[in-house]
Amino acid sequence: MSIKEKGYSHWNGEFKQGGLSWLPIVRWGIRLTFRKKFFKLLFFISLIPAIVFLVGIYISERLDDFRFMIRESTDFVQINPAYFKIYFTNDFLLFMMVMILVFCGAGLIADDLRHNALQLYFSRPLKKKDYFLGKVSVITFFLFLITLVPGIILFLMKLIFSGSFRFFASYPWLPVSIIIYSVFVTGFFSFYTLFLSSISKNRRYVAIFIFGLYIFSDILFGIFYGIFRSQYFGLLSIKSNIQQVGAAIFNQRTPYDFSWILSLAVLLLFCLLSAVVLNKRVRGVEIIK
Amino acid sequence: MDRRTKQGIMNFLQSVKLCFSFFLSLGKKSRRTKVFYVISFVPILMALAIKLAQFFYSHRDISGLAIFSNMIMVFYLQFLILILALFFGTSLCSEELEGKTLTYLTTRPVPKSAIILGKYAAYTFLTIIMTGVGLLFTFLILNLDNLLDFSLYVLFLRDLVVLWLGLICYTAFFTFIGTFLKKTILFGLLFSFGWENVIQYFPGSTQRFAIVHYLKSLLKVPTSGGFSFLLFRLEPTPPGIAVLMLLLISGIFLFLACLFFSQKEYILQD
Amino acid sequence: MTAVIETQNLSKWYGNILGLSDVSLQIERGITGILGPNGAGKSTFLKLLTGQIKPNIGRVTIKEEPIWNNYPLFQIIGFCPEQDSFYGELTGWEFLKNLLILYHLPRTEAEDKAKKAMDIVELSSDKDRVIRSYSRGMRQRLKVAQAIAHDPEILILDEPLNGLDPLGRRKIIKLIKSYEQEGRTVIVSSHVLPEIEAMTQTIILIHQGKVFAQGNIHYIRDLIESHPHIVSIKCNDPRTLAKKFIHQDFVLKVHFGETLDSLLVETNNRDRFFALVPSLVVEHQIEVKEITSPDDNLQAVFDYLVGK
Amino acid sequence: MSIEVNNLNFSYGKIKALEGVSLDLPEGAIGLLGPNGAGKSTLLRILLGFLTPDQGEGKILGYDIKHQQSSIRRFVGYMPEDDCFIPGMDAVSFTSYLGELSGMPRQEAMKRAHEVLFYVGLEESRYRLVETYSAGMKQRLKLAQAIVHDPKLIFLDEPTSGLDPQGRKEILELIVDISSKKDIQALISSHILADIETICSYVIILNKGKVASQGEMAKLKEIDYSLYEVKIIGETQNYLDKLKRLKCKVEETEEGLLRIYMPPDQSPQEIFRLATEEGVQVRHFVKSQTSLEDLFAEAVGVD
C-alpha cells in the first residue's frame, strides 16, 4: 500500500541516444502549417497541374478514343522528357510553389525571432545545424509533395498505362533527373525562404517579401527585355533561371540562348548569400541578453 | 466666427504642427524609412542600367522620353507609390498599436485627430521627398541627350504633381483603413493590385470609383509605344475636376480617419 | 482634503469581459497604491484614469473634469505605462525632448526640462545612445523620466519598478516619496506588495471588478475583525508561556512552530494580548528573542480579502 | 556539489565581463544577485554551456564546461526571463515538443508533459493555445518546460517578474519544493530581493564581473552588535527616558518603529521589564539583521 508522494516527481526514463534531434522540429513544423486556415485549399490547387498532366498521359495511351477531339496537335500528347520538363518548369507550378512558401515558410524563423523561442531551442542539446536541418525539411516536405512525388507518379502511371517498360527503356535516366530537379528546386527555395524569414520578426512582411521578390525579379526581366530584347537579362529573374536549369536537367533545349551554367551560378550565389545571413541572424549565444 | 472658435482652430493647427515635427524626426530615423528610400531609388538604377545598355544595343533607338513617360511612370503609378502609400498609410496607426507606443501619444495635451493628421503629414512629406528625388534623377539620366529642351521639364513637373497627388490620396485612404482594420496589409494589397487595376477596364462611370482613374486622366495621353494598352479604355475626366476629386477624396478619408481614431478605444493587448 | 480623483459608480466591460463594476471612490493627494490580482480590473481602472478607454456607466473625473478625449487635462498628468515598448530608433534625449514639445513648450524650455528629468533618473550619461541599445533598467528609468519631465501635478505609474535592479528600485522609491512631499498625487500600481509598503500606507484593493478595500493598511487589518491576528513569539521556553496564554479568553489558538523555540498564538483582541505579554515574560524570566505579527502586512490583507 | 568553477574570466572584445569568478555551490536554491551589467547573464551563459570562458575551468554535473557543453545542456533546465512561446501550439504539445528536443523519446515526452503541467498548476488550461495565456500562466509554462526533462540543475531568470501576489507565492512554493529535493539545484537570478530572501539558502552577489560576496544567507545577515527593532503602543515618552537612562541609544523611524541599540552588558529583557513598569505594549520586537537590500548595497559599494 502506498500513496503518491506530493510535490515534484522525477522522470526515470532514458534519453534517446544518437542524432536525429531535429525530427520533432519537422513534425511540428508540418503540423502547424496544416493548421493554418487556407493552406489545405491552396495545397489542393497546387496539385491541379499534376492532375492535368496525368490526364495528358491517359489521353496519350488512348489516342484513338480521343481522335475526334484532337485534330492536329498530337505532338502535345507525346510523352517524353520534354513533357516532364513542361510539367516541372511551367509558370503555374512555380507560382504555386511560391504561394506555398508564403504560407508554410514565412513564419518558420520569423515567429521564433518574434516570440524569442530561440532561447528555448538553444538551451537544449541542439546545434544550429540541427535547427536549420529541421526547418529546411519542413519546406522540403511540402515542395517534394508537388514536385518529386507527382513526378514519380506520372512516370509510373506512364509505365502502367502503356503496360510495358518500353518507356523506361527509352529514357532510363528520366527518374534520376526528376529527383535531381526536385532536390535542386527545393534546395534553392529552402535557402530563399529561410533567408527572407530570418531577416524580419514580422511574419506578414516576410510573406510579402517572399511573394514580392519573386514577382519583382520577373517584372525587372520583363522591363529590361522589353527595352533591349536581349535574353541575357533572363539572369535577373528567379523564374527564368529555374526554367533554364530545369530544361538542362531534362536535357531539353533551354528556353533562353545563354548557357544554363550561368543560371545555376546565379542561383547558387543567392544560396551562398542566404547561408551567410542565416548564420549571422540565428545566433545561439546571445539568447540570454 | 467669434474669437473663441478662431482661437480653437489656431490651437488645433498648432498641435498638428507639433505632431508633424515629432513624427518627422521619428520617421526620418526609422529603419522602415531607410528601407523605402532604397526601394524608391530602384527606378534610378533601372534608368542607369538602361542608359548603359543602350550603348550595346544602339539599334533599339527608343527616345529617353518615351521610356520615361511610359515605362517609368507606369512603374511609379502602378507599383511604387502604391507600395509607399500602403506601407506608410496602413502602418501609421497599426505600428503604434503593435509597438504599444500609442499611450505615449494619447496622454499628451494634443487632440487625437491632431496626432493622426500630424503623422499623416509627416509620412506623406517623407514619401513625397522619396518619389521627388527618385523621379528627378531618373528623368535626368534618361534625357541626358536633350537636357536643354525646356518643354521636357514642364512635362516632368506635370508627372511629378500627378504622382504627389496620387501619394496624398492613397496615403489618406490607407490611413483611414489602418485605423479600424486589423489585416491592413492584406486588404491593401488586394485593393491596390486587384481593385485599382481591374476597375479601369470597366465601361462608363465605374472607372470613377478608382483613384488611379483620376491620376491617369491627368497624364498626357501617350504617343505610341507598346505600353499604351494601360490607358486604352480610359475615358478621362477633365483635369480640373480630376484634381478636385483627388483632393476631395483625400479630405473625406482623412476626416473619417480622425473620427475613427478619436472615438475608437484601442486596447494594447500583448 | 478635497478629492483630486473621483469616480461615481464607474463600470466598464469589453464585450462580455468584465473590467470594473460600480466603483465609487475618492483619491486625495499623496501616494496611493493600487493592487489586485491579474485581470481583476486594476489595469482597466488605470486605462480609464488615463483616458485610453471610456466608461460604460458612471463617471471618472480628475479635478472634476472628465478624462476621455479631454486633451488639455493631460497638461497636468504624467503616465508611466507598464509595457516595455519605445520608439527604438530615437535616442533617449530625442524621445524626451520631442514628447515635451507636444506640451506647446518653446524649444529651449523643452530641452531644459528634458535635461532636468534625465538628471533625476540618472540617464544623462547615456542620453545620446539609441533606446534600442538601452538595458531593461535604463528603459524603465526613461519611462519614469517621460512621466515626470513636464512636472505634472498627478502622476500615474503602472509597475514603475518592474525590471529595475535593487539600486534602481531604491532610487525610484525615493523619487516617488519626494513627490509626495511636494503635495502631488501619485497613483502607483504594482504586483510586488513589499514595494507598495515601502512607498505608502494607503492602498486601494481591486478584485473581481470591485473595490475590496481602501485606506491605511493597518487600519484595514484591524477592520478585519472576523479574521484573528497571529502573533509569533520566539523564546527559550515557549511551553510555559503557552500554558499561561491558554487561560486567557482572547487567545483562540496556540500552536508551536517547526523550530523548538517558536510559538504562534491567534488572538482576537491584540490590545489585551500585548498588554499581558510583558508582565508574563518578566514574571517567568522568559528570555524572548523575537515578537512579530506575520499577518500584519499587505500580503496577509491581500490573501484574506482576495480569498485564496 | 554540482557546480564547481574557479577563476572564470571572460570578456566581450575589450569589455571585461567576468574576472576571477570561483564558485563551489551547495545543494538547494541559490540566489544570484547583482546590478544590471554585473556579469550575471555572462555567468549564466558559461554555466549553460553557451560561452567558453577565456580562462578558468570547472565542472557542472561532472561535465567539463569547455568540452562537454552539449551534454551539460541535456541535464540543465533554463527558464528565460522574457516571454517565449511558439504560436499555434497548445501547452501540452509545446511542453512535449521541448521535451523531445531535450532528447526524450516521443511517448515519454508526452507523458511527462502532462505530469509536469499538473505539477505547475496548469491542469485545466493545458489544452489552450499558449498565446491566450495570462502572464502568470506563461510564467508557469516556462517553469514546466524547464523541468520537463527532469534536469539536475535549473536556471531561473526573474521567475516572479510580472506576476500578481498569488502567482508569485505559488511560483515561489514550486521553486522551494523543487530545490528541496536535494538532488536538484536551482540557480535563481532575480531583482526582487524579498523573493530571494524567502527561497534561497545561499546567495552570490556579483559586481562589475567579480564576486562581491558569497555565502550562506543566515551567516551573511548576522550582525555582531545587539540592535533591536521595537514597536511600542501606549504613551512612550518616559519609557524612552528610562531606556536612555540605561545608556541605550534610541532612534525613531518614520513608521513609528524604534531602533534600540543595547550596550553589551544590558540584557534585551530590560525592554520588557520597563514595558511592564510603564504599562506599555510591546507590539513588535526583533533582533535586527541587515536586510538583503542593505547587504546588496554594501556589497555593491553604494550608500
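Per-chain numbering from 1; labels A, B, C and D assigned in written order.
Convention: contacts are C-beta pairs under 8 Å (C-beta built on N, C-alpha and C of every residue); 3 or more make two chains touch, one makes a residue touch a chain.
Predicted model only: the values in this text are computed from it and were never measured.
Undergrad: What are the mutual neighbours of chain A and chain B in this structure?
TA: Touching chain A and chain B alike: no chains returned.
Undergrad: Using C-alpha centres only, name the chain that sits farthest from chain C.
TA: Checked the centroid distances; the maximum from chain C is A.
Undergrad: C-D versus B-C: which interface comes out with more C-beta contact pairs?
TA: It is C-D, judged by the count of C-beta pairs in contact.
Undergrad: Distance from the CA centroid of chain C to that of chain D, rounded to the nearest Å?
TA: Taking the average C-alpha coordinate of chain C and of chain D, the gap between them is 23 Å.
Undergrad: Cα centroid separation between chain B and chain C, in whole Å?
TA: Their C-alpha centroids are separated by 49 Å.
Undergrad: Please compute the C-alpha centroid of chain A, do the same for chain C, then give the distance between them in whole Å.
TA: 56
Undergrad: Scan chain D for residues touching two or more other chains and write them down.
TA: If we look for residues of chain D contacting two or more partner chains, we find 83.
Undergrad: Counting only residues that touch at least 2 other chains, which ones in chain C make the list?
TA: There are none in chain C.
Undergrad: Residues of chain B that touch two or more other chains: which are they?
TA: Only 270 qualify.
Undergrad: Which of line, ring, star, complete and other names the graph you get from chains that touch?
TA: ring
Undergrad: Output every touching chain pair, sorted by label.
TA: By the stated definition, chains touch in these pairs: A-B, A-D, B-C, C-D.
Undergrad: Using the touch definition up top, name the residues of chain D that touch chain C in the complex.
TA: Interface residues on chain D, with respect to chain C: 33-37, 134-136, 161-169, 191-194, 233, 255, 267-269, 272-273, 275-276, 279-287, 293, 296-297, 300, 302.
Undergrad: Which residues of chain A touch chain D in their complex?
TA: It comes out as residues 7-11, 13-16, 21, 23-25, 28, 32, 35, 107, 111-112, 115-117, 119-127, 284-285, 287-289.
Undergrad: Where on chain B does chain C make contact in their complex?
TA: 14-15, 18-19, 21-22, 25-26, 29-31, 99-112, 262, 265-268, 270
Undergrad: Please output the residues of chain D touching chain A within their complex, sorted ascending.
TA: It comes out as residues 41, 44-45, 48, 50-51, 70-71, 73-74, 76, 78, 80-89, 93, 97-98, 100-106, 108, 112, 115, 119, 145, 147, 149-150, 157, 177-178, 181, 184.
Undergrad: Can you name the residues of chain A that touch chain B in the complex?
TA: Touch residues, chain A against chain B: 204-205, 208, 219-220, 223-224, 226-230.
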